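Chains: A, B, C, D and E, in written order; residue numbering restarts at 1 for each.
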């Protein structure tokens, strides 16, 4: 019997395949059918709404997981069933604070950060803070901007001097939103917007932009696999966790749970992080992360969870965005439209 | 298109400009296709002409993307390419599976839309056809409804088509049948348009002639009507096939993991991972297209010969 | 109708309307004997094709009955009527060779190969196209296509052959040649033919009987000579052949002898055809070729009248002379163009004459 | 060429090839005087339309020169040639009404509104279509469209009018009517006309001169009567009018008098046209209407010969009699259909005769 | 039999029309039966799904399915009644139901469309629904002071019935204020209607450019000898047959700042290296790529109309004294109108519905209305997406209707 897993595709799914699917099948005899989606939350919601669920496991952003969980479209997952950490810590304690939620078991933490092509800047003249991204005088040229209010508004506020810890308080007020958009206005004329994760490295490689927001894993891939001189700027990035959910009505819910237990174990989680530079949510897994797969470069310093990378980082607030996404989305679109 | 001797200076100038404009438009049409062919040999995973490529350094070129078409999705990339490897390829390589699916879905969607469309066009061509305009409008509507709406609507309906009569007869999503039906619906307007156009030039007295010679309607259709409208049917069928072959949105919604098509693979290629593999696919498809177009042209010439239309 | 029971084809009170508002065929009655060559002749839009189509089964009569060999035809689908048909545009199957075209009706009848080939050969030889079996219709001239269409309509030995203006598109030379061939085939094969044309010359030359159509009705149904020489009404007189029409009033009426006073007061003798009373207005019709102007040829007892030559049109075998007669300047006289023919000159005045039997007093249309 | 300098239209050694391989017009020489009505007559594909198109400027001559009013035409764009043209398919602009169609040539000449309207009215009246100004071409019958095309070609007072088979699609009645109208317009307006047709009757009736085309060459260029009565070669003789052809061998040749031995050994007198030597093979051509069979009408000095009546075809004004003469059973004799005409019967044997001047010994084709 | 009165019946007295109708009924039925299979097929595979989809724009039971008590209260109390204790009690009881059925998020989402920021009020309240106690009004206001916001209560009243026009209100950039009156939303929230207008405008621009580019080449193709024309036709058909995604990507390669076109222009010295043109990731990029993609849809119908315009018309015009320009303008052009109409219709409709190309190359200002449909689709806001889709469809149908009126749908031809 096979289970169907819906995920992001691309190098993310490739890492899953190597770290999870193959060994899982080998161990349990349960086959895995891998399906890509732009964002699995959309098809899963459609499947549940239509009463026609074909997905057993899906990889969700925490915000989507919380939203659909509240809407009764995901199965609650009992965290106590999850395997203990490698060091014996019970699962509930082994996962980073607040990452476990009613319906989702976290798989990784990714960051949306600013990245640049180091070869384009003189030694020491590279951008060094999130404020630099919004400083078109010091760093003239186009920049790649994620076409979404989420992340972008937060970054704008941080660049405008709001400490990470206060970002959502400020953004919860009308003035704060205005302030964020005002900051965005300063780079509006230089922005190239992207939607798909594959675009930022392409934009950097083409020299279309001097710097760009990007998912950190993409930049790292380009640097390691293709030897591109791309760097991630670990300042003012917004990180978020994502993980596995089981849609309500999944045809093979039991096997799905088996899979989730397997994949979110410390050993497997560490293997996953070696293949793609997204941080593990398991405390006990962090020390197990070795070198980048197939190289002798240590992976840990390239993860969003590496303590030195976390000095000015913001955890994306799922609570904030489930409430405000529609409104701010419309405002963002209106802002894009206004020239 | 040579100008006559008496053409005025103005006419000559204008004619020259006209030819230049036409040339530019043709260049515009073909440029994007020319651009992708060399890029499919890029050694780097970007859609960018690298310096090495521009200086014709062999290192700037590689066949890796063509190779990746074979290896993506395979269990063992590096294995020896023996018989087992090739048979594994047939079952596991993503692009090969996608190509298979595209062909299967395209084929059946084309058959379905061409057969039903031709039949309907025959009816629409009859002078006594009732409610012609309304029916024509309904049949052409899949072309005029934005695809995103079509795809979503289809997804919900296909999830449980019998729900409308209060029953449950399983789903059409994630099935070949579902994708084929969706694509057939999208291809039908093209078949209707081309075949009715052909039928409008069809000499109805041939049908009467066949009847007067003793042929029953079925025989008349297969022996007289069909051979003569075949070029129009083929051209409509090709439109339908291309529609299916290049369709991604409906596949995105309706197909399951088993029905991933070439455009669907390309779509994740563009969205999720940079890979000139899609350019390699495109290059291969361009070559196939050229062969197909040549075939169509040859068929057309044949049919003109048959109908006795001498080439102008 | 007793006759119709024995007739091979009969139309009884047939009506036809396409739109439910106007009748394009009005109360058509027609009986056709086996082996007859009947022509439907009439101006464009008079309903000829419609009648043919009803007989072939491609249109349904709105009212009335058509019988073929005594059986009502309404119940028989076209492909079972065994009627051969030659279409105005030939309707040869363009994707088949000549041989395949001819083979088609035989194949649908399930005929064996050798028998088919023999019949095809015979049919092609009959129209002298034996060498063309492998050509396609597009590779042949109009006249050749026409002959193939004819061969195809005959190859399966139909009892009845319908031909809808089969020669309409041919030039004069070819047309005359084909008329001859069709007539010849009709005679040698003994088939029944219904032939449609709007060319009166064709109708007269080829037919046993001609049905003159106008306005959805048969105006006259008669053998060619009778039609030409004894038209029943002005429409027929005007439609068939050239015709000089002198308007006048019946002065005297005595059986079929009438005296007509022309507009210039002159009185002439005429044969009364469909005039009924003294004082009635009439058109006296005289065929141009029945008018003589050589004094020695004007028959005894002829009526003579003054004429002035206005114009002479050279027509090759014929000289067509327009004269002014009794105030009318469209009076035509035809004379054969021979070397020793008396030459007329415009402006010349002379006396012309005709046999009173040739002057026919008709209804005024 | 002195003459051509004064000619209104002249073709000098004109050749035309479409594909660079075959010449469809071969060495064409033709002069046309002002006010002349010249007809190009010939079978399909003989190059008539091509000549017309070169004159109108829509095709370029591959070789040679065409002059219009003394000026080489190659340098003049079509819209400045002042040539009115009637196309075979009428080419009425389908998106314009009749009035707009006629207005078009006047508008492009910058004519004022009132003047335009007056001219349009005049042109429409001329073709008796005054009431149709607001119709569209699709709403009219073929004959009506034809008249509009004519009016449009004439409305701007062109010096020269070209007509390409303008009556090809009309039925006989309408056709004869239009022939008369065109001829009449030509005479009353004094325009020069080049007329193309493949109908010899039309050519003979209407033209001042007829150019018989075949195979890209003018076979004969002559006034109608000369063409009919003195054809230069067998092609012309066969193409124009009906013709009895008796093959034979020249027995004696004396100036234009020849004695021909027919195949059955009988010798007849004939006029030598293009035979050159004794012993040469020849076709003796005799027009059917020049053959007499009433003993009293056979002219003095005529050659008489035995004949057997095979078939009589009733053609209305004419009786067409097929006879067997000198072993040939396609010998046609035409006689006028009059009441007192001597009636022939199939099987009857009689002697027929003709004036030796009417028997023309031609080349053997 | 020939006078008008008797023409209305046949000889046996049946009305002529009826006799005719019955004679023709069979032929009609036979023709219709040929079309029937396809009609049914389209109905099932296409028309019903679309109909159901569009129905979602006016039917949404996300809220109403879990609010029996509130629905009762709204039914009993007319619009404008301030919520009293019974209302809050009903709310509490419904929230308890939501907690059990895990429907609070769904219900909150429905209200959140209309009043932003309210979704979490429902999920929070539902989470503690078993602890809600009278007096409910106070309990709720303790939870969140916004619970007495009349906008929320108006929204709940409206959402308590599954049938609604709320989504069209939003689609027209309107909202209901506290009194339930329609007002325009804040200018910086106005997006849909503006984009709607802009989309039709942009589609118009794209159509016009397509027409301008297609006309000369269709004309060239129609006048060249067949053999040459078909060769050139391959240039038109090849892009037509190449994946849309690939072509779109290809335009990025061509047009971007460091792209092929800019490189060539720099190499030719037409522009400086620092003066590279911004031709993509903006409206220009959208227009160029879409024109390229849609051009064949203009060329093909134009070509098929032009090919059958007889040369004799232009010849006739020339012989009548028209210059080549006048001939073109007055004779040729008017006769190509069916082709222009068909091409314009096809291109415009396809342009209005596009979203992939604008999504990839459009940047900020190159987005079209369909991108908004897509936006809501990915957020699973089906009703909102359906409302927007319906607007799009209505626009397209008006055009289609116009085309059918002016030119006739049966004149549509493709190659």
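Assume a residue touches a chain if its C-beta (ideal position, glycine included) is under 8 Å from a C-beta of that chain, and two chains touch if they have at least 3 such contacts.
The shown structure was predicted, so the numbers you read here are calculated from the model rather than taken from an experiment.
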item: Labels of chains that are neighbours to chain B and to chain C; value: D, E
item: Length of the shortest touching-chain route, chain A through to chain D; value: 2
item: A-B against C-E, pair bridged by the larger set of C-beta contacts; value: A-B
item: Chain closest to the middle, measuring from C-alpha centroids that were averaged per chain; value: B
item: Most remote chain, CA-based centroid, reference being chain C; value: A
item: Chain D and chain E: spacing of chain centres that average the CA atoms, whole Å; value: 65
item: Whole-Å separation of chain centres (CA-atom averages), chain A against chain E; value: 33
item: Mean-CA-position distance for chain E and chain B (Å); value: 23
item: Chain centre separation in whole Å, for chain D relative to chain B (CA means); value: 56
item: Residues within chain C bordering two or more other chains; value: none
item: Multi-chain contact residues (two or more partners), chain A; value: 38, 46, 49, 206
item: Chain B residues counted as touching two or more neighbouring chains; value: 47-48, 152, 156, 270
item: Touch relationships between chains, expressed as pairs; value: A-B, A-E, B-C, B-D, B-E, C-D, C-E, D-E
item: Of chain D, residues touching chain C in the complex; value: 43-44, 141, 171-173, 198-201, 204-205, 224-225, 228, 239-242, 287-290, 292, 299, 313-318, 320, 334-340, 355, 357-358
item: Chain A to chain B touching residues, read off their complex; value: 4, 8-13, 33-36, 38, 43, 46-47, 49-52, 54, 196-198, 201-202, 205-206, 225-226
item: Chain A contact footprint on chain B (complex, rising order); value: 44-48, 152, 155-156, 159-160, 171, 173-174, 253, 256-258, 268, 270-274
item: Interfacial residue positions of chain C with respect to chain B in the complex; value: 56-58, 77-85, 87-89, 91-95, 104-105, 108-109, 136-139, 152-153, 156, 162
item: Residues of chain E touching chain C in the complex; value: 1-2, 7, 10-12, 14, 16-17, 19-21, 23
